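Quick heads-up: structures coming right below.
There are two complexes below, and they share subunit A, which is joined by subunit B in the first and by subunit C in the second.
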Partner chain A sequence: MEKAIHKKPKHTRFERNRLLTGILFLVPSTIICFLFVVLPVLNVIKYSFNEWPGIDTVPMKFVGFDNYAAVPKTQGFGEMIVSTITFALGVTILTVLVSFIVAMALDKRDKGRINRNLMRSMWFFPCLLGHAVVGILWRIMYHYSNGVINKTIVQLGGKPVNWLETRVLTNFSIIVPTVWVLMGMTIVIFLAGLQSIPTELYEASTIDGANKSQVRRFITIPMMAPSITINVLTTSIAAFKMYELPWFISLGLPGYSTRLLTQRIYFFGFENTGQMGIGAALSMILILTITLISLLQFVFLRKREDIF
Partner chain B sequence: MAKNNLNQIPGATTHKSNRIGGVSELASKIFGEFILVVFSLLIWIPIYYFVIGAFKERGDIVKYPLLLTPELFTLDNFGAAIDKMNFFAALKNTGTITIVTLVIVVAFGSLAGFALSRIDHKAFRIYFAVIIALMVVPFIGVIIALIKQTVSMKIYNSLWANILIQAAWNLPFSIFLYTGFMRALPKELEEAAYVDGCSMFRVYFNIFLPLLAPVTATCLIRTGIGVWNDFLLSLTVLNDSYTPTLMVAVQSFFGERTSEYGLAFTGILLASIPIMILFIFLQKYFIKGIAAGAVKG
Partner chain C sequence: MKKFIPLFLVLVMAIALFAGCDGGTTTGQTTTGQTTTKSGETTTEGTTTDAPREKVTIEAFMVGDDWVDEWPAFKAKFESEYDWIEVIEVGTGPEAGFLQSRIAANDIPDIVSVDNTEVSYQALDAGLIQDLSDKEVTKNIPQAYLDAFTRDGKIFGLTQGAAFTCLYVNMAALKEAGWDAPPADFEELLAVCQDLKDKTAYAPLTVAGDKTTTAWMVYEGIIANEVSPDWGAGVYEEKFLAGEINFTEHTAATEKFNKIAPFFMPGSATNKEDDVTALMTDGAAAMAIAGNWTAKGLVEGITEAAGSEEDVAVILVPFNDPGEQVWISISPETAWGLSAVDEDDNIEEAREIYFNWIMQPENFKFVQNARGTVPVLTTLTEDQIVLPEPIKAVVPAMNDAPFVLMGFNLWTEVFRDAACTAIRDVISGNMTAENAVKVMSDTLATSNRSEG
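Up next is the complex of A and B:
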């Protein structure tokens, strides 16, 4: 901007026209995004500070932070915190770990035997399915007496496992399908990262006599640090946002033990509509959590751009 | 960063194999390959299970979960599922929502991206930062207010509400993509046209638009999959009185106690098959598009 001023002392008519046309070009997207993204965000903030049953004829009553204060007193709050954090942590750790190992195995550098593109597509495929559909599918697979998982266990001589109604185990049961879905993306990002490591690095280390595990330890993993960070952050955001997939699998059961933050927002917003304010306060907690992770990501991405 | 061709980074630079391949190394390679194949097949079991399940009766799905023989094969599920989930009406809804959303997102997104990338002005840079900030907001975080708002705007329970909301939530990403892409295009591209007295819209339409194919492909695939697979918005904004979208319709086979497995699997297959077929033909673009979305957003 400053540079532009120094170069051209006055705005020409041509430039002013250009600016006006440019603004005109932004109008359609601005209207749509303002109406359906910005406005609802402002409204959620407003709801979170008001007491309101959600009916237009009843006026809102400003209550300050009362809704936020009421959140910890809602039934199953402790379980929500535990389940949401276990879910996000479990999904993030497992997804990143598994996809890192798979990406190493799929790396194009060791070209040869089986078509790597086909394999990559195979691992990528699950992330094309809708989350609702995946949830329904896995719930059937987990079924105690009819599901394929217990059927297989019984056939192998084991005892059937109650995947969907056992505390702690069910928290794990909702993590696995989520990893199954998210993995496709993280693998692709890891593969891109692996392929950007210069081949010379590997060659030089081999000449210096490094063995395979040393190469992995001192070249691959440090060079992959940026991709690992990106995948950790994006996967954790995705896990915090996840709604229908874990819901269709466990329905929040047993008790409240797998009911996540997002599912609680839905509950207070659409089922228990008397307490709109609490739903809005929960929404704000989610928005702030995700904003925080995104800020980390943003700072990190900027830093990385400086390096490269 | 996002616009880098994620899967086209030259991976072709393979080792000029300068290591001596001993017998043990060969064995470990074969073993590694074997493990990889086993796991690749394992993660496909859920997909295999539901696809063959769509062609079996409920009892056979339970009895022989992973088998499909000619004796078990049946097409009965399809008729019943198409009937029960009101398939063609749901397909029409999902199709309409997806296509109209894509048109809006590509048209307005590229227009805004053109302005943001070609005009160097402080206000435009701030606007771009706001767009990036909008990409961060989680949809479920505002759904309560959003649905209330559609009611007061009198568009609740209409396809238009669904389309406009989808467009609004996908526009920031497409603006981000288009702006990034066009920033990399040289200035000389348009200068001659302006000297000849072309309007800005002509420059956008005749000179830039034809160059945007790669980024449009990314945008179409990412937005398309997201909108097609959307469940939450369609569930909340299209009320019971409206024929639902495919993803919501599949839910009709799902009860807490009883489940018609055969119908559910057929429903899942019917709802996912268009994307599955497209993927088979456009794998490269799909993977690139999704990965671009993952890096940012």
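Up next is the complex of A and C:
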């Protein structure tokens, strides 16, 4: 007699329901993601292969890679690339470094310090301001004749500095306010990281005779590796994407030495150059650059985390 | 039960998405307001309807920095007369970027700032801006200004006034440097600048380099005075539009540019117009190259610095050689156009009413007097125009002077970007005039209006 084989169904009803629920939960965000991320990116790719002034009623003309070939020939391209890299590097390094130091200071567990919450709020505050507002504020502060910075220098007996029209110095002039704005969030992340380090580790190391710098080097920094990774990643992405803050400060001057990739995208795409295709090609370069740098950082910093 | 939650969320989202696609129509009464015409003036009375109208909102992209302070009173006056229309200000002044992004979406604000720029032409060519030829209010604008905003037989904007380049002079500063009269030609201008530098604490010159129109004025005046006496009226514009000006060939102009550049106050390349007003008010600079549209603030500022309006002089910028007539750059100022985008009848009616309203003298004077520019609306009466005295004095000279059109009427955005960046670099000492004119020549050859 043949033995009946009772096959167990691949998925139970419970599992199917759970799968369905999961899919339904994903649908809203998937639709949003598709409409506002995937579709625009696909459109940008399409624009980058077409000649088009950016008006619906004007048909697009397919030009292949001509827009990409035209990008390096645009006015000030070389300076703009140097400026973008300098800016992104400067902002990332300074933001992460200074934020780390500030977070360490704010994390002090000693008593008798001024209100820690107040200090944390003060450091976080710039992060709440609009970038355009910050740009305008700093531009006013940097003003040669009426700016508070030069007025202070003159009061102290120095000579006024042309913060916004001197090569190299202007790069610095746009990096500082950007760091000031971005620091709020990175400090919060570092503080969260610092506070998640078990106190027992510090106690054990102290019992073992470690001094303060050894504690920092062998406990704090290794334990903060995940926070450093996330801060380096997010800050560098923010720096590459930064547009209005540096623009409001320096106008991209002198020459194209503080002109950023994002500003050139806007110029070609939206300042009526009739070259939306070049703007789109620049956008694709930006997307690929950010992706590549993020991947490299991720891999490199992850490795460091493993070492730690 | 749990699986209904996401289902519900999906439904809500789908409804929300489709709800946003209804075109934003406004339903309600479409009673037309009365339009009466008497002695060339058009008044549209929208408040005489019997039943209350459903409120509509229209967008105005028209408020410039120079009259933004008057905007709340201007808006309140209109809304008190037409309580069913709300006007909201959009954009950040007449910036091409804002308009470009709206045009890309095949849309445009109801009242829109237009210029003789490519972005305005695109909007017109795309059928987004109305042809104003049949509007009553065009009768109150001189023909030359209508012609300036006519393309393919269509009037696409009504200008706010006439713009020209001036040199604002603090005579108290010049007297301190040993000069009793403002400079009459380029050589005197250099001599005045040198004396100011040597004998006073004033910086000789400043300009609002942040604004491309004013940054370009510096070189524009020099090249216009160099080439136009030989070329004659209109040729500069033709050659510019065709990309046929090789700036490097005009070495005398380049030399002049090199000579005047060091006298600009540090910071001039990035100054905004407000900064220039502040510098003149503080007595930090003695002279400013600026448009007549900033006359009110600058004259008030210099008066404050010098102590008396008698010590304020406004002259045509003396880039001319000794004995030669000075050439100036002028332009019809930014104009206002009317959207042709299909909307609900109420909105279309409201935008027409508003457009007619702003061009009435008792309303237009808000803008006129805030800017202190040369009036262009013929229905404005003498008592409605409040021009600063020093500007009144320069208007006859301006009317007599030969002129070239201001850069923004002629250039492409690519040229604007390259040329103004180069000019700012020369003013700030980061580039020589020779390199700047090379950049300008190369860019104009490849990016000009005739290239399409």
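FYI, the second predicted complex is superposed on the first by the 247 of 308 C-alpha atoms of A that agree within 3 Å, B and C clash if a C-alpha of one lies under 4 Å from a C-alpha of the other, contacts with A are read in each partner's own complex, and residues count from 1 in each chain.
Methods note: contacts are C-beta pairs under 8 Å (C-beta built on N, C-alpha and C of every residue); 3 or more make two chains touch, one makes a residue touch a chain.
Treat the numbers as computed from the prediction; the structure is a model and nothing was measured.
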Partner chain in contact with A:Val96 - subunit B first, subunit C second, else both or neither: neither
Contacts of A:Ala239 with subunit B and subunit C, given as first, second, both or neither: neither
Dominant toucher of subunit A (residue count), subunit B or subunit C: B
First, second, both or neither for A:Met122, with subunit B first and subunit C second: first
Partner chain in contact with A:Gln195 - subunit B first, subunit C second, else both or neither: first
Contacts of A:Gly279 with subunit B and subunit C, given as first, second, both or neither: first
Which of subunit B and subunit C A:Ile174 touches, first, second, both or neither: neither
Subunit B versus subunit C as contact partner of A:Gln75, first or second or both or neither: second
Which of subunit B and subunit C A:Gly54 touches, first, second, both or neither: both
Touched partner set for A:Pro28, first subunit B, second subunit C, both or neither: both
Intersection of subunit A interface sets (partners subunit B, subunit C): 21, 25, 28, 32, 54, 56, 139, 143, 146, 251, 266, 270, 276
Contact footprint of subunit A on subunit B as seen in their complex: 1, 4, 6-7, 9-15, 18-19, 29, 32-33, 35-37, 39-40, 43-47, 49-50, 61-62, 65-66, 104, 108-109, 111-112, 114-116, 118-122, 124, 127, 131-132, 134, 136-149, 151-152, 164-165, 167-169, 171-172, 175, 194, 199-201, 204, 225, 228-232, 236, 247-248, 250-251, 253-254, 256, 259, 261, 264-265, 268, 271-272, 275-276, 279, 283, 286-287, 290-291, 294-295
Of subunit A, residues touching subunit C in the complex: 17, 20-21, 24-25, 27-28, 31-32, 53-58, 75-76, 139, 143-146, 160, 162, 164-165, 167, 250-256, 266-267, 270-276
Subunit C residues touching subunit A - in the complex, by the definition given at the top: 2-3, 6-7, 9-10, 13, 17, 96-97, 99-101, 103-106, 117-119, 122, 126-127, 210, 265-267, 269-270, 275, 278-279, 282, 284, 412-414, 417-418, 421, 424-425, 428-431, 439, 443
Residue ranges of subunit A in contact with subunit B within the complex: 1, 4, 14, 18-19, 21-23, 25-26, 28-30, 32-33, 35-41, 43-44, 47, 54, 56, 102, 105-111, 113-114, 117, 119-133, 136-141, 143, 146-148, 151-152, 180, 183-186, 188-189, 191-192, 195-196, 199, 202-203, 206, 230, 234, 237, 240-241, 243-244, 248, 251, 262, 265-266, 268-270, 276, 279-280, 283-284, 286-287, 290-291, 294, 298, 301, 304-305
